[in-house]
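What follows is a pair of complexes built around subunit A, which joins subunit B in one and subunit C in the other.
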Partner chain A sequence: MKIKRLDMFQIITLPAVIFVFLLFILMLSVYFYNALPAFFREGLDVYFKNTWQASEIPSKEYYGLAAAIWGTVYSSIIGVLIALPISVAYSIFVIDYAPKKLKNIFIIISDMMAGLPTIIYGIWGAFILVPFLQKYIMIPLYKNLSFIPIFSYPPTTGYSYFSAGVLLGIMITPFASAIIREAYQMVPFTYREAAISLGLTRYEATKILLGYIKPAIVSGMILAFGRAVGETVAVSLVIGNSFNMSVSLFAPGYTISSLIANQFGNAYIYRHMLPVLYAGGLALFIIGLIVNVIGIYLLMRWQKNVRI
Partner chain B sequence: MSGYKTRRGKDISFIIGITILTFLGILPLFHIIATVFINGVPIIAKKGISFLTNTLSNGGIGPAIAGTFILIFLSSLIGLPVALLVGIYAYEYPESKIGRATKTLLQIMLEFPTILVGVFVMSMIAIPMGTYSAIAGAFALAIILMPYVAVYTQEAMREIPFTYREASFGLGLSRVKVIFQILVPLSKRGILTGVLIGLAKVAGETAPLLFTVGGLYESYPASITEPVGAIPLLIYTLVQSPSKADHMMAWGASLILLLIFLLIFIPIRLKLREVRL
Partner chain C sequence: MKEYAIETKDLKIYYGKKEVIKGINLRIPKNTIFTIMGPSGCGKSTLLRSFNRLLELNMDAKIEGEVLIFGKNIYGEDVDPISIRRKVGMVFQYPNPFPHLTLYDNIAIGLKLNNLVKSKEEMDKRVRWALEKASLWDEVKDRLYEYPASLSGGQKQRLVIARALALKPKILLMDEPTANVDPVGTKNIEKLLFELKKDYTIVLVTHEPAQAARTSDFVGFLYLGKLIEVGPTKYIFEKPKNELTEKYLTGSLV
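Moving on, here comes the complex of A and B:
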């Protein structure tokens, strides 16, 4: 192997690149290293047990993250299910039907929604959205359909998986629609012409074109899921923060990130709590990494296929 | 094949459905902005200018505003140089192994749960220093800022026509000169867009500050090695309080934060470019 001579350009830029890579690896190792005591003490119970016994006496302490992991996944899935139809419809509307002048305004609106500080979603969610959902959706559903397990929990406060999921759905929609919109715009014009020349209605033509961008929709949803999983403050203000593991939509729960946000401050009082929180962080880290790598990979592969 | 009438019926309900869903999707933004104004304006009108300058117990959020600006400034100081260099590298070597890995890493960091950055910085800086500090918060925010700016830098530079590159190299300039003196200035508008987007993001972040800056609302920050406050963090604390008066303050602070966000965001959109956050 020949050692390439580094030119001045690489001497300037490469250190920055290496620094960023090292930082990322350092981050992963910090979580792993700090989580180790939890694995030694409790084994896989850390992830698979639903218990949270904080105690002054160290030997009585026992923690399991199952409820938080469940809450993270459950609320994120609700969010994705809400974001999917809206973001697809939004992309179709903006590209096919919005008048040219309005088009830009629609794009600005969704960019603004994507960038809006999450704490503003949080305060709106906690004070406006939760009471609204409780009054107009949760209570009617509970009253009439409480024999169905997912509606069986009495919505006394409104803070629940459902509220968190709806808020997440609102927050990730602009993000998912940006990916889908870009893909939908890339559909070759000849396909559109061909579909229309067959005499298809707009609905039938759109259905065919959507089939063409299906991989992009899938990766948009995966990336949006990744975003929902990591969201912290907005979710922690609406999910109710209780160690609960339930399929019932209206039950309060916890997510990994809101657990870290709430418990980290006082974890130092206890002997064994901190490593468990790091273990939660590690899980979040790895879920985020896997989800994003898959999403990015699918998107890149699709984009490459389209260009050819 | 179904008859013309059913096809037409399906078509019309499709258009109606799409339109309804679209408006359902953007409705929250208008509702959020309206609620923040409706709830925020009265409290600010009541307290007047002192809302922006007083300490929290005197009914103002002055220290939090100061803290947010200090954090924005420090985090750009730390994050921007690294971000620009990384972005330029990713542009220059799009097909090499390191270049591709860099691009993937940037994408991953863009999506990364921000609370993890906060806890990481706490364990690396705040704990060894023995105190929360502005500098720790700035490091956390810099890590979040970096991928935004780097990705936009790379994309802005990719838009320069290839002939400019050829022409510059044709003059016999070195790679450093071609890139830093010709291509970077050519793409400065795109790069600036990226910087502004990064700043807009950083100004509103809460999670990375939870365990790094500590919060300081009763006096103005004096040193970057001491705790500071920030508007988003203050809102988060106030929302969780049971008192109605605190909730009013939270709405007022949200209005200020929204205005800061719009102040950074609107210039981006006036010089229009497709922006993705």
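Moving on, here comes the complex of A and C:
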């Protein structure tokens, strides 16, 4: 009799895969199940309406997550737009230009910053960053360019999408740059030689090499976006936590995760609030899913052609 | 005085404190194939990279002496390495077309970034010219906008040759161009070398004596950073004067 031989690692690793998969399914279904009452009561309005009427009289309660969803996406996009150039520049500097002795120090610093508890960024953001941005960036921009819609909101407090976006950008930069740096370091030396041998300047050669690691940059940004979307405490300290929906950068807003964190404690007082918060959690799942699908699609399209 | 394509005067190269090229005087005539052969690690690639100042990418490398390209010292103070590299093209051991650029862009990129071509038609013409020169046009003319991944090793290497030729250099440096290419590809590339010799000076590095014998007009035998013997291919292979050369050619050099 022949017994199919199983690789030892197959036996050890399979349960881990099953476990992770089950956990994902379980979480998704728990959120979906708990959000169901909100869907039955309000339909998709729960996602597309911007309203937040908490009331002790259940019939007067009405909730919509639109502002929080908008705030999440908007502030995360700002964060990624800020993190992209900085993390690429940081990676290039650390690998190509930093003196040998300082290189590891720079790497350790940024890796450490990627792992800092986010409340540390939050406090710093609220007390240092926001007043700074308000005084030196928001007020001058508002004074001079308020006819442009994105600068049209008076930055009276400084707590805004913009502050949240900048803080998120700062928080995800070390993380994104770790991914980009690793990829950039792995570029075979022969491509650099090839570019230089064609009479290109160092700058032009670097640009070509960045093209080579484009997939790493894309996936770094996607993972960073995922982090920004999920960031809770730090953002809730600087975004203003108001149910507002605006393209104006200096207007206060809300994010899904800070909404859940802020409201969860007293949601039990109201009859219909908790399912809405679960629906918010489900929205985060969906945003994460969409972003990852886009990312994987881009990577696959790239790999299909390029195959290195 | 005769002008050589490449001439070195007491060229010494150090990696840190280690001397890897130990005082080389070499003259490479125009429109010939000159092969530098020698065992692995003897400094062939290092020597080759001093001819287009590519060695400067390695921060530890230090160069003493002179390298004259058509009579002009490229390590002189007022020399821009970029202008040298346009004149001296290079092909590498590992076929390295940029994998994320199309075949067309692989050829065009050097021209584009060096601002050597003004219009799209001129670029199309030049790309075609370079690919024809590299005997690759017929094989790729229908898929110029595909990526190099679809090419064989030998085709990739000819693409790299075309990329270098597009800049219209005078000299072509080739660092073991067939080391990662199959026999058919190797044959094609060697055939191409004969074609190119008419217009270019080719410096070929190889660790295969047989290739040196097949392709070159002159051979220099490099061993442990020293140029042991130089001469017309025929003489070197038929009557080597130096014992080391003979040992290398017979495969008994350890």
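Simple rule for what comes next: the second predicted complex is superposed on the first by the 265 of 308 C-alpha atoms of A that agree within 3 Å, B and C clash if a C-alpha of one lies under 4 Å from a C-alpha of the other, contacts with A are read in each partner's own complex, and residues count from 1 in each chain.
Rule of thumb we're sticking to: contacts are C-beta pairs under 8 Å (C-beta built on N, C-alpha and C of every residue); 3 or more make two chains touch, one makes a residue touch a chain.
If you're wondering where the values come from, they're calculated on a predicted model, not measured in any experiment.
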Original post:
So, A:214: does it touch subunit B (first), subunit C (second), both, or neither?
Top reply: second
Subject >> Chain touching more of subunit A, residue-wise (subunit B, subunit C) >> reply: B
**OP:** Applying the touch criterion given at the start, work out whether A:143 contacts subunit B, subunit C, both or neither, answering first, second, both or neither.
**Re:** neither
Original post:
Looking at the overlay, what does A:204 touch: subunit B (first), subunit C (second), both, or neither?
Top reply: both
**OP:** Could you tell me if A:135 is touching subunit B, subunit C, both of them or neither one (first, second, both, neither)?
**Re:** neither
**OP:** Considering only touches as defined above, state whether A:194 meets subunit B (first), subunit C (second), both or neither.
**Re:** second
Original post:
Looking at the overlay, does A:106 come into contact with subunit B only (first), subunit C only (second), both, or neither?
Top reply: first
**OP:** Identify the overlap between the subunit B-contacting and the subunit C-contacting residues of subunit A.
**Re:** 201, 204
Original post:
Can you name the residues of subunit B that touch subunit A in the complex?
Top reply: 7-8, 10-11, 14-15, 17-19, 21-22, 24-26, 28-29, 31-32, 35-36, 81-82, 85-86, 88-89, 92, 98, 101-102, 104-105, 107-109, 111-117, 119-120, 123-124, 143, 146, 174-176, 179, 197, 200-201, 203-207, 210-211, 232, 235-236, 239-240, 247, 250-251, 254, 257-258, 261, 265, 269, 272, 274-277
**OP:** Using the touch rule from the top, collect the residues of subunit A that touch subunit B in their complex.
**Re:** 7-9, 12-17, 19-21, 23-24, 26-27, 30-31, 34, 85-87, 89-90, 92-94, 97, 104, 106-124, 126-128, 170, 173-175, 177-178, 201-204, 206, 223, 226-227, 229-233, 237, 257, 260-261, 264-265, 278, 281, 284-285, 288-289, 292-293, 296
Original post:
Where on subunit A is subunit C touching in the complex?
Top reply: 188-201, 204, 208, 211-212, 214, 302, 305-308
Subject >> Contact footprint of subunit A on subunit C as seen in their complex >> reply: 52, 54, 57, 82-83, 85-86, 89-90, 92-94, 96-101, 109-110, 113-114, 146-147, 149, 160, 163-164, 167
